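Each chain gets a letter, A, B, C and D, in the order it is written, and its residues are counted from 1.
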Amino acid sequence: MARTQPATRPFPAAGDDNRVDRFQKTRAVTEALAAPLSDADATVQSMEDASPAKWHLAHTTWFWETFLLREYAQDYALFDERWPFLHNSYYEAEGDRIARMRRGMLSRPTLDEVLAYRAHVTAAMEHLLDRADLAALIDLGIAHEQQHQELLLTDIKHALFHNPLGPSMWDSKGLPESGIRESGWFSHPGGVARIGHQDDGFAFDNEGPVHRVLLEPFALSRRLVTNAQWDEFIADGGYRTASLWLSDGWAWVQGEDISAPVYWRDDEHFTHCGWQPRTDDAPVTHISYYEADAFASWAGARLPTEFEWEAIARGQEGEQAAHDPAGGNQMDDARPPTPTGSEGLFGDCWQFTRSAYLPYPRFVPAAGAVGEYNGKFMSGQVVLKGASCATARGHSRASYRNFFYPHQRWQFTGLRLAKDL
Amino acid sequence: MARTQPATRPFPAAGDDNRVDRFQKTRAVTEALAAPLSDADATVQSMEDASPAKWHLAHTTWFWETFLLREYAQDYALFDERWPFLHNSYYEAEGDRIARMRRGMLSRPTLDEVLAYRAHVTAAMEHLLDRADLAALIDLGIAHEQQHQELLLTDIKHALFHNPLGPSMWDSKGLPESGIRESGWFSHPGGVARIGHQDDGFAFDNEGPVHRVLLEPFALSRRLVTNAQWDEFIADGGYRTASLWLSDGWAWVQGEDISAPVYWRDDEHFTHCGWQPRTDDAPVTHISYYEADAFASWAGARLPTEFEWEAIARGQEGEQAAHDPAGGNQMDDARPPTPTGSEGLFGDCWQFTRSAYLPYPRFVPAAGAVGEYNGKFMSGQVVLKGASCATARGHSRASYRNFFYPHQRWQFTGLRLAKDL
Amino acid sequence: MARTQPATRPFPAAGDDNRVDRFQKTRAVTEALAAPLSDADATVQSMEDASPAKWHLAHTTWFWETFLLREYAQDYALFDERWPFLHNSYYEAEGDRIARMRRGMLSRPTLDEVLAYRAHVTAAMEHLLDRADLAALIDLGIAHEQQHQELLLTDIKHALFHNPLGPSMWDSKGLPESGIRESGWFSHPGGVARIGHQDDGFAFDNEGPVHRVLLEPFALSRRLVTNAQWDEFIADGGYRTASLWLSDGWAWVQGEDISAPVYWRDDEHFTHCGWQPRTDDAPVTHISYYEADAFASWAGARLPTEFEWEAIARGQEGEQAAHDPAGGNQMDDARPPTPTGSEGLFGDCWQFTRSAYLPYPRFVPAAGAVGEYNGKFMSGQVVLKGASCATARGHSRASYRNFFYPHQRWQFTGLRLAKDL
Amino acid sequence: MARTQPATRPFPAAGDDNRVDRFQKTRAVTEALAAPLSDADATVQSMEDASPAKWHLAHTTWFWETFLLREYAQDYALFDERWPFLHNSYYEAEGDRIARMRRGMLSRPTLDEVLAYRAHVTAAMEHLLDRADLAALIDLGIAHEQQHQELLLTDIKHALFHNPLGPSMWDSKGLPESGIRESGWFSHPGGVARIGHQDDGFAFDNEGPVHRVLLEPFALSRRLVTNAQWDEFIADGGYRTASLWLSDGWAWVQGEDISAPVYWRDDEHFTHCGWQPRTDDAPVTHISYYEADAFASWAGARLPTEFEWEAIARGQEGEQAAHDPAGGNQMDDARPPTPTGSEGLFGDCWQFTRSAYLPYPRFVPAAGAVGEYNGKFMSGQVVLKGASCATARGHSRASYRNFFYPHQRWQFTGLRLAKDL
């Protein structure tokens, strides 16, 4: 049995030669995403789970400064010695930091100052980008910043939603039409599946080590659950029927008085383009794990495991590879993320699995602060697969493991049903 | 016995002829106070008790629009029909409104848009300012806006305090020197005192009706309690000695882990000019009622009643009028509010009394939404007298009644001891 | 001006010669009240405000042991050295104690052990009862135990109410008929009233010192507000009309989803005899200050001040003494407390005033632990006058000041309207 | 691939012929466990997670009444029609029920009444015990009651712990000596393991269906972690070292100010025999998942998965069966549960695994209310294996899955380390 990646390289490098381009583009996209925002927009924090856009701009820059420049760039001086306290997210090994719910107090530094910080760090990084020994760390920094691009989008959506004016970040003109066209099921005969990151490209540490898992025969829906189906669930009393819900979920529904996905209002939903009519056959998004599980029960189906999803995505032991990860509806540049119902497994929305977010066999976090990236979050959360319309395209890997608490729903989360065969 | 003001005129007009000037100056001062703030600064909300600076700019304008323009200006159209929902503070009669703790979500409207709103309403008011029948209501609007000038100052101070960078709103150069020079006691022989607003000027409804109160002989300190005295209280274990505290106060000290005034840190305190060294003989500020009461117990004294304080301020039945209210350290224009230890009863800080904030005999709130201005808050709060360094000068009346909950301390609150004779 | 009672005798003795009888009777009544309860009934605690019946039995005994026996009885040894920790209520000077909400954990000591403790202490007290120097302290102990008789009754009522079986503590047979017969108003011409305890009998420290207060002409209703009137208030939308409520009260109504007095259910209410039909013209009870104030607004009246109420009770400067305090519906022995609508100001229910619970002029708490009896609670609470059907008869004094937080309503609280003349 | 148990028999019967004896013994043991308790002891509820002993006595009886007698016994009348509301735990399909935290209000029915209820139901069950068609349901009822025997023990321990007197339920004389003697590791070569209930005996629905899981080579400690080892962890700063903890665990440690197992105090710990000295080499108990995980990190090891634990217990593909489940320190009769450090995997304490409590492949809950037994709790909890000193002996199955939330620690929970090979 392969012992997989050595513990000393938990984050492998992508291995390609366009690292400079990828770095530059990533930095540019982050800034483009924030471009429609005023300093005030970028300062607002709507809840503890969400951070201000400006903070994302700064935190991603802190990451480069802390893990690359401060460690490896000769004579690099911190842009501002007081700022690491502001922009460290959760790295205990990097010292104290501002309370999470106080990030919304940071009207200073100004957006312009943060953009200057970004420019300074982007320029300083130039000298490190071609160092082979730092390739893995640089790829991690790129992936990290791309993850925060998605968070920037979902967090500002949540903030604007709480403004009674329902402000729009982009014009809705020219948005792609939504509508799922696929139907039917992918089927899998069961057997041994090889799970985890297994090619030469970059991956997060939590995607490995590669290991084998035994599957029983199952099927996975080719289509995501749609808004129209969700309307049926509501009309059928789904939110008022205790027997459909997990016990924790039922307590959540009653305690929080939940009766629809978070951004729904009558026939509209809130988007980055403000309040818009919902499309019946677009994928439902912004639901919690509890809602996804209750819907699956109502539909006489179940959620897939993360292993089933990955096996279909790989096409390993079933039919052909289900999908070209390069396809699908994901984020290429700064435009309003919109679930369109694209083909294949990837894109549109993160799809809940019933798998808890736990370490794979032989998983060992990296040494030092970077080891806090994923491992310490392995309790109480569930795995989601597939990438959303707000996810940077390069993140659509079969092995990618996103994770959230079962009540959270400010991400583009949806579901794809599974059943036993 | 005089039946005092008729119920139909709870808010009398000031009676002078410079209403236009006062209106214009008030509008200008509010804007000058916010001038050092960016849109982001003006958007931030640090707690439910405090509102964003931008909200104060807009709410004071909403007040003019709602109670004057919409009612009395011919053909006046709302600046924006969606905005009253944003800028109504607590007037149930004016309909639904944004949740208090969501005011910090208002990155839109922008600061520029709010300033345009201000200009629009200020201009529209021009035609109403000389209408005699509206004089009382206009004077109320002016007083209301001045009250919000103080709140704008205390609220932004609280917000900036929660930024780890400790930003400064103004330069500290040229600030007046602090230091109380007065000493000794005002004494009062007891007897009947006439309490409540009794001249022709403007007053809030809660300052009347005039009525008589019986006092016993007492003395009121000529000096405010100072930072140095507070340091002694701390050094003597004041915050750890249960017997000094009210029961609710002791629960608050222990539950919130309180050990100093809110803005203190080592030998510094936070000001509108950032962190600054404390001055020993400046008045202590930013304390709660519980702290004030415990300090008085520790000092072998007590807090005055609101009636004792007012009697001294009027000099009615004791010695000469204690003070010219026109003096004292209060806010004249846009500069950093700083307690200096000025002469007399007024200014520097609001002074806790032991009086609960309750209606005076025969008090009847005004009809309609304006009646919600003061009356409905008459439970659970205590009366403070005297005006602070952040209070607009015209507010230093003997009859003025400020009120806060006993745990609140983000205002410039301090104390002046009293004792029985 | 009289300087009233010396600070060294805050709790005067009653001065009569039947102290032994009163002590014995008080001890016996407390036990008779608990007689219908099992050990389990007497152990249950339904909320932080309420204590188990067994705890009241033990705490009142601890009071004698701590303030009398331990101090003055020769060679007295504590009944159990571990018990003071259990039975100290809130006396900081007497050391640490069990958390208030943990009193319900005391299945041990058993009820029998607590009764043995009572017998032991009652017997030990015999030798102290005729000591003249302890007369004031003994009278305090008696009054203290009587206050806890009332609390025992209201606390067990609250506990039994939370049992879905609605258990009954006494049979309802032979209960007196309820129904207010009085009508009209007591009127008072205003002027100086002498307030506070002024005869030779026992009083709590908070009833003094005597002082004078100026009143304006007013009237006080001869009848308490009835259940039928409260039904009208509800039918008229009283609980849904913001303009009737204090701001804190409206937040309470909405946050706690309040729509009726606490023990109401359809046409019944919960009593010490289980669920019983309500009587239309019996006094309404178990309401909060917020509800009392809103009702008074709805009725076009107001709550009296504590001074107005006392002035009518004394008949000092108005008409004849309003009532013989010896009359009224109060607790004489162990039977179900029932508001009957008796004549006069005293009895049936504690009546809310609009006065905050604050120290009278020159009030100084007693030295030592006994000084914590009343003084430290003088913030955030309101004064109630008049005694309830669960109050020991001797407590109906014009000067008696009961006090509760404005949201509390598990006591027999009601209201009597007042109006200006 | 075997399709395992049909969905229609989620709870198989034990298949043996001593069902009457087992039923009678189970009923008797439950009562024997409560025998040392007074009615008051049996009424007390210390937290929402724990129920009063009397409630356990009644709820287990309700289970027989609801699922057997009411359904299958001719002419059976409910013992009391109002009681199902009191004693239903969480079965939504069985209707409304008392709020969980209000179970502590049930001083009535009395302990004697509950025991009469037990006798009535035990007698009524006699006629159903030999019905073959009910065998599975009766075995479920027995297992259910045995589970509540353990809860009765852990819940009353928690209640007595919160009594400052530290009452004892049993004498500590004659308790077995504690001390782990085993050492070394069980090793497993990896490969396919057959997981889930696979013999003819009774099992809960969540133990199936049988399915195969792929394991990598690993070792499982032969000894449980001891008190002395935990002392070392504490001395080494384990509770103050963020890097050892899961993120949720670190928040819990800091938020709740955790620094030792729940029942520890100096060198003692609280037991059913009151406060007793701790034994160094006895197994540590009453820790949370967070603590177990942090300890494992500190020890350079990890927690096992539930599959690893079960594979060792079965000896399937590794060495000989690790242990005879009939052995070990578990509960045989009513005596103080005491972790002794017995041989083998079973007994002493429930052992945390790192597996989330999730459905096995093809798991389908039973139809009707009984289907709520296990399935709806499959989110947010972790699996524990092995049985504790308070678990009824028959429950030590390799396939048994206990489950708790990661912060809970009032059960006899401990840990056994694992490592990769």
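Heads up, the rule we're going with is that a contact is a pair of C-beta atoms (placed from the backbone, for glycine too) under 8 Å apart; a residue touches a chain by one contact, two chains touch by 3 or more.
Keep in mind that this is a model prediction, so the values were computed, not measured.
Enquirer: In the chain contact graph, what is the shortest path length, in steps, from chain A to chain C?
Expert: Step count on the best path from chain A to chain C: 2.
Enquirer: Using each chain's Cα centroid, which is most distant from the centroid of chain B?
Expert: Farthest by centroid: D.
Enquirer: With chain centres taken as the means of their Cα atoms, state the distance from chain C to chain D in Å.
Expert: Here chain C and chain D have centroids separated by 47 Å.
Enquirer: Using the average of all C-alpha atoms in each chain as its centre, how far is it in Å between chain B and chain C?
Expert: 37
Enquirer: Report the inter-chain centroid distance for chain B and chain D in whole angstrom, where each centroid is the mean of the CA atoms.
Expert: A distance of 60 Å separates the two centres.
Enquirer: Residues of chain A that touch two or more other chains: which are they?
Expert: In chain A, no residue touches at least two other chains, as defined above.
Enquirer: Specify the contact topology among the chains shown, as one of line, ring, star, complete or other.
Expert: ring
Enquirer: Name, in rising order, each residue of chain B that touches chain A in their complex.
Expert: Counting only chain B, the residues touching chain A are 38-44, 46, 82, 85-86, 98, 102, 104-111, 159, 162-165, 167.
Enquirer: Using the touch rule from the top, collect the residues of chain C that touch chain B in their complex.
Expert: Residue positions touching the partner: 1, 90, 92-93, 190, 192, 211-214, 216-217, 242-243, 245-250, 289-290, 293, 354-356, 358-359, 361-362, 372, 376-380, 406, 420.
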